[in-house]
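Please find the structures below.
Two complexes come next, and they have one chain in common, chain A, joined by chain B in the first and chain C in the second.
Moving on, here comes the complex of A and B:
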């Protein structure tokens, strides 16, 4: 153990940032089919339902996302006669308050189709929400990696034959920042020159929330499965508007859950590191206070009095300004140090 | 909202020490942790995606078939970060911007290594037993049995059974005195080791009257997570003297001894070699969690005003008046009176009333560093005072 401290200056430290990603594939069979809805947790309050990646009664199950639906009080669907009308409006307002924020008068702003809130434009007033678990999104969803494939066909056709893939195409360079919840991108139905006016939803990267406009269903949308079959025949013929006003949030969540064909995205974990360059100059750290360093009051590694002192560096201790030991870095093998050598030991601290 | 400074008596630092118990059972080259077997999934036969007896880091990829698994990846860039599983040669072959991928799950379990006195592989710097030389000698003041080489035996030359326990399971250290090893033959206990004296010596404590009872069969390195067994006496005596033994090392048939304890625990021994013997390893780990407890006081006369837009009576014009040389906010806005009255008119007397829904924690530079939410808002009037207790696990 060294008995002297050496001050680390600003020139001896540097900070680095590494982005670690994970590819998250969520096939539609997880959301509906494989586990016969034993992995779908519903709640008596009926305001959302949770999807797990395994029957949720098992300790192996992980919560992966929640689904809910809401519409604005300004929506044409809003009516006191509608089932759970207040809850649908409350959910829309709650999500909008967090994700879009308030205007100068304190009113909650609506979800904007192209994200240009100040510029007015079309508002998404009937939306589905996918709130992804922090386990999957980690620090944030990677931009231009979110893809959601929904079956959107009419009830008369083969539902699986009308898949529509929504994605935040081009968001790596065109994401928006005018949200209190962080950065977000617009979901488009095509990667070909995304046009802001063709947005069908929003994806909030740090919040891990996808907002999908009900407009993707073009006014038609079947109800929940009547049988256990996945997207097969057996649907009632409600249009989306009938479904949105005449059904509970849970039925709406079930309906869109049954239509999920695939979800993929990449997440991001930000690893921050500080690198300390610990420099041992030629005349430094050549002695040791280790009890084994001396034998009969003589330096063990010196054979004659004219030999240079030698030490072996095994550990670097990092101390605070008050000389409190904060961290210890171990070398994989001891390094020989004598007055003829200088060493720079690179200590990296991840956090 | 006004800031209020914590006083020295409002903040407490504590460390919670917890000792979760782990029970490993080893039978026929299979390991079971806490009596948990493989769970059958809809897509794969083992939903957890790790062998039984293993713990899974992150516990992702539950019941996912090949090709649909979550995996990590990283782009090669100037920070030169890479996965540990990527070799330097592979790393150099990647171009900047290329994605280097890893795989999940990462798992860990106990590993048994048997060092036979006759084996040549036990020499060399990479030998796991030799690498414990200094560590074992360090604990000699606790027990002479720790000594790597002494009159009690030389671990460098005798048969040694080394069981390694990963720290992701036990935490910071194995709790002293909790290690319990049981050796069964056909379900009958023929030997049991415990650290009765809590000094690391594994003493045979059962069954009563068994051969070797009271003898030290090995030692435990509690902080490092190793169990070393050197006891080489025959455990099949008395009622079990008729047991011929099993192929604990693959071949030949050997009598049950502590040096063969845990045979089949990730040591490469094929199944069907040890079918009569089973082994139990129980211990408690140690985890330490630092906590900060903060007491936020809302005393009489404090926190009775809110900046929430709903605090003011609805419908008032709140827009400021602006002109080229003036910015005037309205100064006659009324606060909503929420005091309940038995009559619709007249209203109850006005009382300043707020509802505390969250407590925000700021650092000395007034950076918001944490928010604590209450389960339900708490009604606060000028004549009420509260203390809100917040706990933060680090």
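Moving on, here comes the complex of A and C:
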């Protein structure tokens, strides 16, 4: 029986899972400087600000991350006199509820310095949040790839002085899984000090959120200036604590944005694929229904009946049982098919 | 649509078609790949040079250099010609599907295309001095009035050459006889109808581009097929299969409104007797594909409506 289709059996398909990684470099000049802050979108509610890769009024702009700041109601900085005190607490609680979760009594748990929530220990009660766009993080941030370099010294002189690089060093083999938002790792100031007690933040891989403790600006970090200030230009006499209580979230976000030197990470895309093995045996697909294949019904590529038929494959079509074309694959060059050849064409569909 | 880079290893550029995405989005299990076909749309077999002076290795040198386009996502724009599996390798002739305009409806002499008058006023306006609808036009107002083959689309299958023997004298190989056809038509414009009764056929499915596919089978749609394999035909001179007969009707959209005519069509005139009739028209194509051999024929057709 002549036919133009061949059935795909269970032995002709397989499923695979592939992780693809892209390197995402974000230079500090995107966060501050390149576009005179026209790529920084602020909001009247003042809860956070957004960083774009181009002036955000342009349709070409892509949202890359948000910055905000919060502290716990238990923080020593929390005071009714503090500017936007309630909003800073609300931000902290909102992010903690999502990323850390609730305890047995339903209370929101605080960010833990080493991630050992059950074991108690030091809590990070004043933090900055970097919420990266899904456009950048895709399915998740690759473990042990996140690096954030901040200038932690005073602003006078070199704005980018005393840089500290925070990273999830060693996280590929030592990440944590006790968050309701997925896996996360601890940020350290150096690959030489991946001691949980020296953690200065947390990086949530699937959520795409970096939580950076304000302690990086207290002047005690290795390599930091003793009289540290987080502030950007015009605020260089203030310490973090003065700023946290005396300024709005937007000012805090502006300040730390001006101190970003570099952010790099690798994102991850999880590709689930179905591979269809399209097998053409020696006695299959040797003729064609191409309008040019025949001349007055005679096959052009044959002179006599003893000549082998020949066809040329450029396309593979995957069909449903009711003959609807569901997927199509093109070869980059024609592939010769005759009775002396057998082919297996591997078509992969990614989802 | 760009060409694929063919400077290195053979690569495969695979995409879901629009219909594939639609079915995937439905989530009802209709996205289920069960079979494959191979195509050669870009290949021009006229470039195969059986007499190349340098020998057989050079017969297909030009074919193998044909650039290949990226994949189209439109399901009706690709795999128009499929490769055919026949276990025998000694075939020298293959049957074709030909529109038989000599025995069936031919192009209207004025507009040069087979036409369909979509309503009664158009039919009345396009009658000749004897009161008959002009030749080359199907009466869609009442399809059962198209009682002769001269008002029907006829498609004959067989070998055009008589090198294997004359029609009616030598039988076409049974495995090459088409007993099922797929007919595609723009569902916004028209529909298929039974050639004997004029009854509207039901499409097997309508895709996301409004292309309706009708599956016509010898066993379940016998009224569309000749009662036996052909013994005479104006377009087939060798071993032959069956004749497929079709009627085409204008859709309700075209019958009751000029909207699609103004959106998709144009205007023209036909002079049936002495006075020109102003008409709206839309040109489209009907595709008839043999389900067994994959050979196909495209027939341009024009829907007419009096202004």
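Heads up, the rule we're going with is that the second predicted complex is superposed on the first by the 238 of 351 C-alpha atoms of A that agree within 3 Å, B and C clash if a C-alpha of one lies under 4 Å from a C-alpha of the other, contacts with A are read in each partner's own complex, and residues count from 1 in each chain.
What we mean here is this: a contact is a pair of C-beta atoms (placed from the backbone, for glycine too) under 8 Å apart; a residue touches a chain by one contact, two chains touch by 3 or more.
None of the values given here were measured: they were computed from a predicted structure.
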> Is A:120 in contact with chain B, with chain C, with both, or with neither (first, second, both, neither)?
Replying inline: neither
> Which partner does A:17 contact after superposing on A: first (chain B), second (chain C), both, neither?
Replying inline: first
> Given the touch rule stated above, what does A:346 touch, chain B (first), chain C (second), both, or neither?
Replying inline: second
> By residue count, is chain A touched more by chain B or by chain C?
Replying inline: C
>> Contact-wise, after the overlay, does A:25 reach chain B, chain C, both or neither (first, second, both, neither)?
In response: first
> Taking the contacts chain A makes with chain B in one complex and with chain C in the other, which residues are shared?
Replying inline: none
>> Can you tell me which positions in chain A touch chain B when the two form their complex?
In response: 16-25, 27, 34-35, 53-54, 58, 60-62, 102, 104-106, 135, 266, 271, 273
>> Which stretch or stretches of chain A touch chain C in the complex?
In response: 1-8, 274, 276, 278, 280, 283-294, 296-306, 308-337, 339, 345-349
> What does chain C use to touch chain A in their complex?
Replying inline: 4-6, 10-17, 19-20, 23, 30-46, 48, 50, 59-60, 63-64, 66, 68-73, 75, 78-79, 81-87, 89-96, 159-161, 163, 175-176, 182, 204-205, 207, 213, 238, 290-296
> How about chain B: which of its residues touch chain A in the complex?
Replying inline: 39, 41-43, 47-48, 59-60, 62-64, 68-75, 77, 79, 81, 101, 309, 318-319
